[in-house]
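Before I ask anything, let me first share the structure, which is written out below as structure tokens.
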Amino acid sequence: MFSKILIANRGEIALRIVRSCRELGIKSVAVYSEADRQALHVLLADEKVCIGPAKASESYLNVANILSAVEISGADAIHPGYGFLAENAKFAEICKTHGLVFIGPPASIIRLMGDKNKARQTMKKAGLPVLPGSDTVIDDLSVAKKVASKIGYPVIIKAAAGGGGKGMRICRSASQLEDQFPIAQGEAKAAFSDSSLYIEKFVSGARHIEIQVIGDRVGKVTAFGERECSVQRRYQKLIEETPSPFIDWKTRRRMIKEVEDAASEVGYQSLGTFEFLVDEDHKFYFMEANARVQVEHPITEMVYGINLIKAQIRIAAGEKYAPPYALEMRGHAMECRINAEDPVTFAPSPGKIDFLVLPGGEGIRVDSAAYGGWVVPPNYDSLVAKIIAYAPSRELTIAKMRAALETTTIVGIKTNIPLHLDVLSDPDFVAGRYNTQFMEDHLSSKAAEETG
Amino acid sequence: MFSKILIANRGEIALRIVRSCRELGIKSVAVYSEADRQALHVLLADEKVCIGPAKASESYLNVANILSAVEISGADAIHPGYGFLAENAKFAEICKTHGLVFIGPPASIIRLMGDKNKARQTMKKAGLPVLPGSDTVIDDLSVAKKVASKIGYPVIIKAAAGGGGKGMRICRSASQLEDQFPIAQGEAKAAFSDSSLYIEKFVSGARHIEIQVIGDRVGKVTAFGERECSVQRRYQKLIEETPSPFIDWKTRRRMIKEVEDAASEVGYQSLGTFEFLVDEDHKFYFMEANARVQVEHPITEMVYGINLIKAQIRIAAGEKYAPPYALEMRGHAMECRINAEDPVTFAPSPGKIDFLVLPGGEGIRVDSAAYGGWVVPPNYDSLVAKIIAYAPSRELTIAKMRAALETTTIVGIKTNIPLHLDVLSDPDFVAGRYNTQFMEDHLSSKAAEETG
Amino acid sequence: MNEKNIKALEPAESAMGGKIDYDEVRKLVGLLEEKNLSVFELEVEGLKIKIARNSPGAAPLMAAAPAVSAAPETPEAAAAAEARAQAIEAAKGHHLITSPMVGTFYRAPDPTSAPFVDIGDTVKKGQTLCIIEAMKLMNEIEADVDGTIVEIYAENAKPVEYGQKLFAILPVS
Amino acid sequence: MNEKNIKALEPAESAMGGKIDYDEVRKLVGLLEEKNLSVFELEVEGLKIKIARNSPGAAPLMAAAPAVSAAPETPEAAAAAEARAQAIEAAKGHHLITSPMVGTFYRAPDPTSAPFVDIGDTVKKGQTLCIIEAMKLMNEIEADVDGTIVEIYAENAKPVEYGQKLFAILPVS
């Protein structure tokens, strides 16, 4: 086992890793930017090293300073969390050449999953269903049009290197494709320095459902019951739950089995998430795989009674994955992402938290690095807390989440709690009738109500 | 179902009930003393009524004001929590005559369990093993001596109306009994206005183990796997865990079965806890039953994935008890009671909490009405937070609890967190080798270390 | 009971002398509302102010969630006024009569009679000011100083808590 | 790295002018230790002081738990002194040279040579003050003002963080 892990991240996920290290008896080293001097992951880690100014490119993405921090602290492994360097294959390689364990998939897997089109082709070969689409990346509009007409409209164009919705465009006709293709290329270029796109059949009314996997070094891959992530606004997940109100046990069993087979096939190691579109007939199509721990991993932990980060660390140290008991889902879990933002305009709302009362008690889990008196810096993402509710049924979980959010008091910054409460009371959400279009519809009907 | 519940309590248990009411869609009414104006249960309840000055006898025990508060708020049920009026049979009766539902056992059950000697005799008849002892209460030393010599020394004398260790004395010989009997009578008289005592065989090296029950109005009693409560100091529980490291599944099954039978026999309703002494041969002896929810109920909730307070409210409203899934223990749960007290001298440490960071994340539950800026009043018990850790095994649970306590920051008051951390590192505790003598031994060996 | 009343805290902590600017208090209360604060502390020129409010969470937006239907019974403005009034009383040295029990407040012995007292009335120590009904019993509340009634806080036939302000009396000096 | 160092926070927040009483700072730091504070804020006469400390939980007692063995490498006294020194520098207007990277600090070009500079030395803008080794590269750190070295904070051959104070220079005025 490792003796000291450097955590190349910040916020709740860094704190999450600090806690897991403590439980495993491993020393933790926090790295932080000047803007995070008072961050909880820094205050609670065993050691800490300032690695640069607020700007992420000069601190959390500053590979030279991070590796120097490893050197001066004597850490023998790096946990990258999510975001920042988590899916940087080059960084994973550098770690290896420096004799450090990168706690994540091997660089080859990160590189494969980072190329969305290649990942899709590979997974198709490994047996996962994928949506009809281009088999190679497309750089040329005329090729795009040919492919699209063969697939049949509507289609969706996506950045090959992409993520987070950047470079994604839905086209319902050839003329829309003509308009959108160059825009998407420009966005992809700007966001990922790579204008390559690929084209897929667009499925309307689909759900965004993902399967968590964990693979160990002896080649065993374990997949878990689905997370339902369709409540998204502009491809940013807002509420996740497990099990999905939409997935029956047959579909679940099939998804788990097929993902385990495909992930084994490519030699998947460490934590990862296979994202699917599931259409109204319960047909599922592989979209992409994220080669890192996911923000919403806690809901899987709740229903299975496990700890994925600790398992990830153990596996990285060479242990086999041995679940503590038969892996069975019990109850229902839901996560609300509490962001420091205006609940109506979505404008970020950084600043000092003057007063804070987080929820607690039976069935409530809070993953947060916030504390009363802490200043939410304007430099990073706006996630201030993940509130996770767990109860025997979906209905009870929604009631519990509502009670938890109503009794959460965050003074000094605006948060999206009112938006969450609003969604949790939406009759369609309560009935489990939603897909990836839900938030857009919900927000526009609410806007109409208010102006009408 | 009730429309509005008045909570005749304070602190974490009042907040616990507020949360449960919210989840059930029931309005909650907080009552509070002037010392609790800023208490979280008051701030988070739907309504609130000040019922008197700080002194509990004039507020939380002020039946007239509490009933007036029911009247002006229009509540249709009262939840008494634990302590205060929870085991006051007379109060339960008054509620009934006022047409109010008292959320707890019927007055007759409270009265039966309140008389420790009668409870023991009744449970013996109902089939539970009890320690050899006096069959009736004893008011006279000569009778006491006769009974004691028949039972055989050592014996323990207890207040018939007792609880909390008051009036309890261990006597290893007739001469000790002669000395201790009048002292115990005096204590019992002072604490409970009743000097009646009874005598039992004293078992050394025994464990304090209890069984949670829930009985509904159709007469069905369900019992749960044991809580291990042997880590006590002066009969005050400090750390509780489930399952007990000492109890095998055979003993567990037998205890559950026998408690279910005995509790059904007496028509037990609502939540209750049957306390046992378990000797080194796994023989268990009924000691007493607590006719209320217990401080340590959360650990049972964690391993079973249930919510006892919500179940208690539903049952009080006439519902059958229907567990959400097959009742099976999964994993291991442990609770540390965090008190506002000096960890060495045990002197209470009320005052303002200047800064507070409670633990969180995977497997951690916090039941607390504390917040940063809150002033812990000197008028009531010193419990400021219950920290509950849950993990697949006892070993992992201890590691998790340690990590949680190490990262808990409470500034402004002293707490017993250092004492907890100390116990959690004691090799005997870690090995599960402990009984009700543990804390005494632990503290005296620690004191010896420090002076030695 | 569900009033969103804003209150200055424990007298010891809101030690307001002649220095206090009531416009400042009003601004604070406004801030409380705007920011949806529960508890608020401020220290100005050695003067510590702490204000608390009975609404955790974002009230206007929470109203959108049906489960949180508890609509304010009294407008926020009234609450602000109460905080101001309380500060003024404390500053002016008015003598406050508070409720010694939980019950229902009556200003007159029966619905057809005139109130025991009204604002501006001179009262003597021992004179009945109101009745509080609790447990079906009518409890007469008496003045404990000689003086003039300058404010009546409670409303006729409405519930009162223990310690709730009923009357302010300007004592005869 | 595991020093329990007590630091005045962001410069913007510890805007200490000539008014500050260093005995007061010392008292504050003492309070931090005594009360086991992590973060502490105080406002006196318009002056806001915020102090943070790297030890959540009760350090001396936590040492009893083997899992929390992280014993302080530098005594609390040194930490208190550092906080004081930092406040003094800010007040005196000394120019601070901080580390532009994470690495190992060397005062001399090699173990056998004399240090680049020592306290009291006059330095010119552009003059090498030290070397920071990072990623096996030796990076020379230069003075960016003319002046006199009045303090050397970092220890030879010890690690330094980004932004850590290395030298204080009294600029030529």
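A, B, C and D are the chain letters, set down in written order, and residue numbers restart from 1 in every chain.
The criterion applied here is as follows: a residue touches a chain if its C-beta (ideal position, glycine included) is under 8 Å from a C-beta of that chain, and two chains touch if they have at least 3 such contacts.
On a predicted model such as this, the values are computed, not experimentally measured, just so you know.
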* Which chains are in contact with both chain A and chain C? -> B
* Structure fact -> Chain centres computed over CA atoms; the one at greatest distance from chain B is chain D
* To do: Averaging only over C-alpha atoms, locate the centres of chain A and chain D and give their separation in whole Å.
  => 38
* Asked: So how far apart, in whole Å, are chain B and chain D when each is placed at the average of its C-alpha atoms?
  -> 50
* Among the residues of chain C, which are close enough to touch at least two other chains? -> 38-39, 56, 67
* Would you give the residues of chain A that are in contact with at least 2 other chains, written as numbers and ranges? => 22, 25, 44, 355, 357, 373, 399, 402, 406-407
* Structure fact -> Within the complex, chain D is touched by chain A residues 22, 25, 29, 34, 37-38, 43-44, 46-53, 59, 64-69, 71-73, 373
* Where on chain D is chain A touching in the complex? -> 1-2, 9-10, 38-39, 41, 52, 54, 56, 67, 70, 101-104, 134-135, 159-164
* Spell out the residues on chain B that touch chain A in their complex, using ranges where they run on. => 15-16, 18-20, 22-25, 40, 44, 298, 301, 305-307, 309, 324-325, 330-331, 355-358, 360-368, 371-373, 390-393, 396, 399-400, 402-404, 406-407
